[in-house]
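Please go over the structures that come below.
Both complexes shown next keep subunit A, but they swap its partner, so subunit B is in the first and subunit C is in the second.
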Partner chain A sequence: MTEVSIEKLTKDYGQGPAVNAISIKIAEGEFISLLGPSGCGKTTTLKMIAGFEDATEGAIRFDGSDVVRVPVEKRDIGMVFQNYALFPHMTVEKNLAFGLEMRKVSRAQIREKIAKVLDMVQLAGYAERYPRQLSGGQQQRVALARALVIEPKILLLDEPLANLDAKLREEMRVFIRDLQRRVGITTVYVTHDQAEAMTMSDRVVVMFGGRIAQIGTPSDIYERPASLEVAEFVGQVNIIRGKVNGGIVATAFGDVPVSGNLAEGTELMLALRPEAVELLPAGSGAGVFAKVLSSYYSGSLVDYRLELENGARVNVQAFPRTRFADGERVLVHAPAERFWPLGATA
Partner chain B sequence: MSKPFLTLYCLIIYAFLLAPIAVVVIASFNSGAFLTFPPQGFSFRWYVVFFNNEVFMRAIRTSLWIAAVTMVISGIIGTMAAMFHVQYAGRLKEAVRVAMLAPLLLPEVLTAIALLFFVYSVGIGTQTMFGMIVGHVLITLPFVFINVSASMESYDPSWSMAAQSLGAGRFTRFRRIMLPLIKPGVIGGCLFAFIISFDIFTISFMLKGVGMSTLPIQLFDYLRTNFTPEAAAVSTCSIVLTMAVVIISEKVLGLRIHRF
Partner chain C sequence: MNAAPAGKGLGPLLLIAPAAVLIGLFLVLPYLNIVVMSFRMPGQGTPYAPGFTFGNYGKFFADSFYILQVVNTLWIGFLTTFLCLVLGYPVAWQLARGNSAFRAVGYGLVLSPLLVGIVIRSYGWTILLGNNGIINRTLSNWGIIDAPLPLMYNALGIVIALVHVFLPFMILPIMSAIQGIDPSLESAARSLGASKVTSFRRITLPLSLPGIQAGCILVFVLSLSAYVTPSLIGGLRVKTMAVTVVDALIDTFQWPFGSALALMLSITGAVVVVAFGRLTVMKWKV
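So, the complex of A and B:
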């Protein structure tokens, strides 16, 4: 297992840095996702770790030794590409054998390792097939197997699920995560899909404009976002503005105590996730009144657009056990601890 | 256009294209002393004369040898140029293409004269086959380039990247991944180079050394003074030879030729 340390890594194509002095420490066996919109530098970062892009500045260390000057083919990485990049003129077996042949592994051992890895990705019996004879999900698993069979120091995945349909994508998330845990390989995963990053990763690195906006566990990122941008990127969020007054911010939902040494009168933005708000029938308890503007039913959940009495709009997500009609008056309740301060407004 | 009409139209076009070849082949079996059509009687007489004609035999050997050398050189340079064109040329892509196809646009005779001046002014001269082979390579290069470029366009660069991530160096990536996948284009291009080189007249005529002769030149020379069916026999043999090259390559190398 390998520990990866990225230090002040920068890539500049000549029009300002695409990746700007980012530093990440990845523990042995950790699953890290680089998450961000397209053009945020996540793929460039992955390519620099792989060696397909030269770093303009900074270091990439595998177990302490800098690999920035090491060419891709000597870096001992396993990479899964977005389009899988399986060799179309080779059978599954030949595809898997390729990396082992490069490492001068004996024929007998190659056979043994291929049988083992095919078993691991549940493709035993597919060795003689050509890539074009496999479904997208199967090709994906061959690509994973090809990257893992060489037992690389680090596994790199570049949006590997982007070309799969929604149902298969969810299955593959779990499949990849389980496989990674079993193998115990240090993994860097690039995606623009926040749900993918959250469900699979030990830690998520959120990137915007070539910089790291936040590094943290999925729950850190979701519940304690470092900025408005992060809060909005990793899911729906209601932004409630208010002034600090005696250590509290007065909101339409009640007073929210804020910690820290915020100056009196500071304008604050508070993040409130839609599912943190409770919805109750009018007259059934404590809360503030709101009117249902519209609702969107999606099976397991219902999304409501509400208007509070002061005219503010909030989005609320609730289980469909109790349904509220459009135009109905309801009670909303949001516990103070579910508000997360995003910092002073500019 | 209705289908029967279209079929008829195609048949007429084919007849128009192939009739002269058929005439030559039929005329070669003439038993008379002159190249006439329809032939007078059937015999292999003129083939016997041809195979015993040391001058023609030497010319055929020279042509085959030049075509083979040209094919190898054109194949290598053209493939490398196509790789550069598709993968690395970037903004220069169109410029590279035009430059590579330039020999097709220039009249062959201009290229020949230019080369003739060149080989004499640098002191190479025409005692060796050097100038002639350079000329043949120039003319055949665009065909290799076009064919290989076409198959390079469907080559996904991430295949090379995947091979590299698995530990393959530059040469291994080319040999094990790229070459097998662009093979139809490379072989198709090389065949074109061979066949076209075998057929080149102007360049060979200008750049040949004294006493040297290729098949087209020898044939031309022969027809200036003779008018026997031997010429038809020579032509028939060269048609069979080129067709044999194509068919054997197709069978042996499993070639799919898309554009013929």
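So, the complex of A and C:
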């Protein structure tokens, strides 16, 4: 197990930094996701960890020793590529043996390790197949097995689920996460899919424009986003604006106490997730009135677009236990602790 | 559009009809004629005489001159193919993977010889390779050689000129094969611990085999049947099979024997190509 430490890592292709002095400490066995829109530097960061790109500045330490000058083939990494990159002219067995042969492992041991890893990815009996004879999900598992069979220091995954259909993608999330836990390998996972990052990771690194916007557990970045950008990237969010007045922000939902030493009169943005809002039939209790503008039913949830009495619009997500019709007056209620201050607006 | 399933109806047949007629009339029929001709009796003062015989083939196998010439022609073909492969592969690689500015220029350079007729190019080589040619004169002016190097009227000269003429036919198929290889495969090999050299040897080279195969077959077949270049550069001293066939047909007017020689050349070429195809069969391709 390896601890990875990225220190002030920078990549500049000549038109300003693509990755700008980022620092991340990854604990032994931790599953970290680099999450961000395309062009945010997440893939470049992964390539620098792997050694496919040189770092312009900074250090990458595996268990304390800097690997920035170490070529890819000596870094002892396992990598899964977006398109799997299985060798089409080799059978599954030969694909899996490749890395072991490079490490001069004996024939008998190779056979043993391959049998074990094929079992692990539930592909026993597929050793003689060529990649083109496998389904997308099976190819994905071979790619994982090929990266893991060499028992690398760290596992790097570059959007490995992007080419799978939705149902398989969800299965593979669980599969990869379980496998990673069982093997206990330090893992860096690159994705632009926030759901993927949140469901799989111990911690998520949100990146924008080559910089780290926030590092935190999935619930940190979802419930306590560091900025409006992060809040919007990791899910739907309602932004409620208000002025600080005696430690309290007055909103259409009522007074929300805010902590911290904020100057009187500061304009604040509060993030409110759609599912944090409770919807009740009119006249059934506390809350403020709102009108249902439209609703979108998706089976397990209903998305409502509401208009508050002051004209502000709010998105609310609710279980379809009680359904409200378009145009119906409802009561909305949001607990004060679900409002998250995003900092002062400029 | 008629939505008939493929293989049904006249549509597909009609589409290939023009090509089929062309090939039938101008390739299959003449070929059959050559086969028939090779069994005809040699004539006196006429191209052939009435009646049929195996004698033309007997003459071929009885005379080691012709056997040796086939061997010689094959040897020239092998050498040309091999040199084209060795010289062409790095160029194909650069064209497929190099930076884009180089690729445009390089592609033009590789194709440009095809714009010049083969006769002119072969004449060009006689100017370069002759005893009094540019190469020999330059070398002797510099005092590197005393007597001119024998570059013309031998197999070496023919091979040099053929390599030049056929190089594009090796480069282009290999280039397109390399372009078809996903660069992330090499990255994957590197990530698994392979050096750049090993990743080329174990991944890129085998995956470019379809291009190598196509290029080799093309160049080899073209070399065997090349006429202009060997006749200009080989002169009277070194003859390839193609030159001898034309001699027999036109100079000595022996149509039946010339046909038999032509067929022997075709058959040997075909045997080599099939054997090569068998040797380089790729199990991983469909």
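Heads up, the rule we're going with is that the second predicted complex is superposed on the first by the 346 of 346 C-alpha atoms of A that agree within 3 Å, B and C clash if a C-alpha of one lies under 4 Å from a C-alpha of the other, contacts with A are read in each partner's own complex, and residues count from 1 in each chain.
FYI, contacts are C-beta pairs under 8 Å (C-beta built on N, C-alpha and C of every residue); 3 or more make two chains touch, one makes a residue touch a chain.
Fair warning: this is a prediction, and the values are worked out from it, not measured in the lab.
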Request  = Overlay done on subunit A, so just call it for subunit B and subunit C: clash or fit.
outcome  = clash
Task = Please work out whether A:V206 is in contact with subunit B alone, subunit C alone, both, or neither, and reply first, second, both or neither.
result = neither
Query = Of the partners subunit B and subunit C, which touch A:L179 in the superposed model: first, second, both, neither?
reply = neither
Query = Is A:R146 contacted by the first partner subunit B, the second partner subunit C, both or neither?
reply = both
Request  = Return first, second, both or neither, reflecting whether A:F81 touches subunit B, subunit C, both chains, or no partner chain.
outcome  = both
Ask   = Which of the two partners, first being subunit B and second being subunit C, lies in contact with A:Y130: first, second, both, or neither?
value = second
Which of subunit B and subunit C A:A55 touches, first, second, both or neither = neither
Query = Which partner reaches more residues of subunit A, subunit B or subunit C?
reply = C
Ask   = Following superposition on chain A, which residues of subunit A contact subunit B and also contact subunit C?
value = 50, 52, 72-74, 76-79, 81, 83, 85-89, 98-99, 102-103, 146-147, 150
Ask   = Which residues of subunit A touch subunit B in their complex?
value = 50, 52, 72-74, 76-79, 81, 83, 85-89, 98-99, 102-103, 146-147, 150
Request  = Mind listing the subunit A positions that touch subunit C in their complex?
outcome  = 50-52, 71-74, 76-79, 81-83, 85-90, 98-99, 102-103, 130, 132, 146-147, 150, 156
Key: Complex contacts: residues of subunit B adjacent to subunit A   = 156, 158-159, 161-169, 172, 176-177, 180-181
Query = Taking the complex as given, what residues does subunit C use to touch subunit A?
reply = 182, 184-185, 187-195, 198, 202-203, 206-207, 282-284, 286
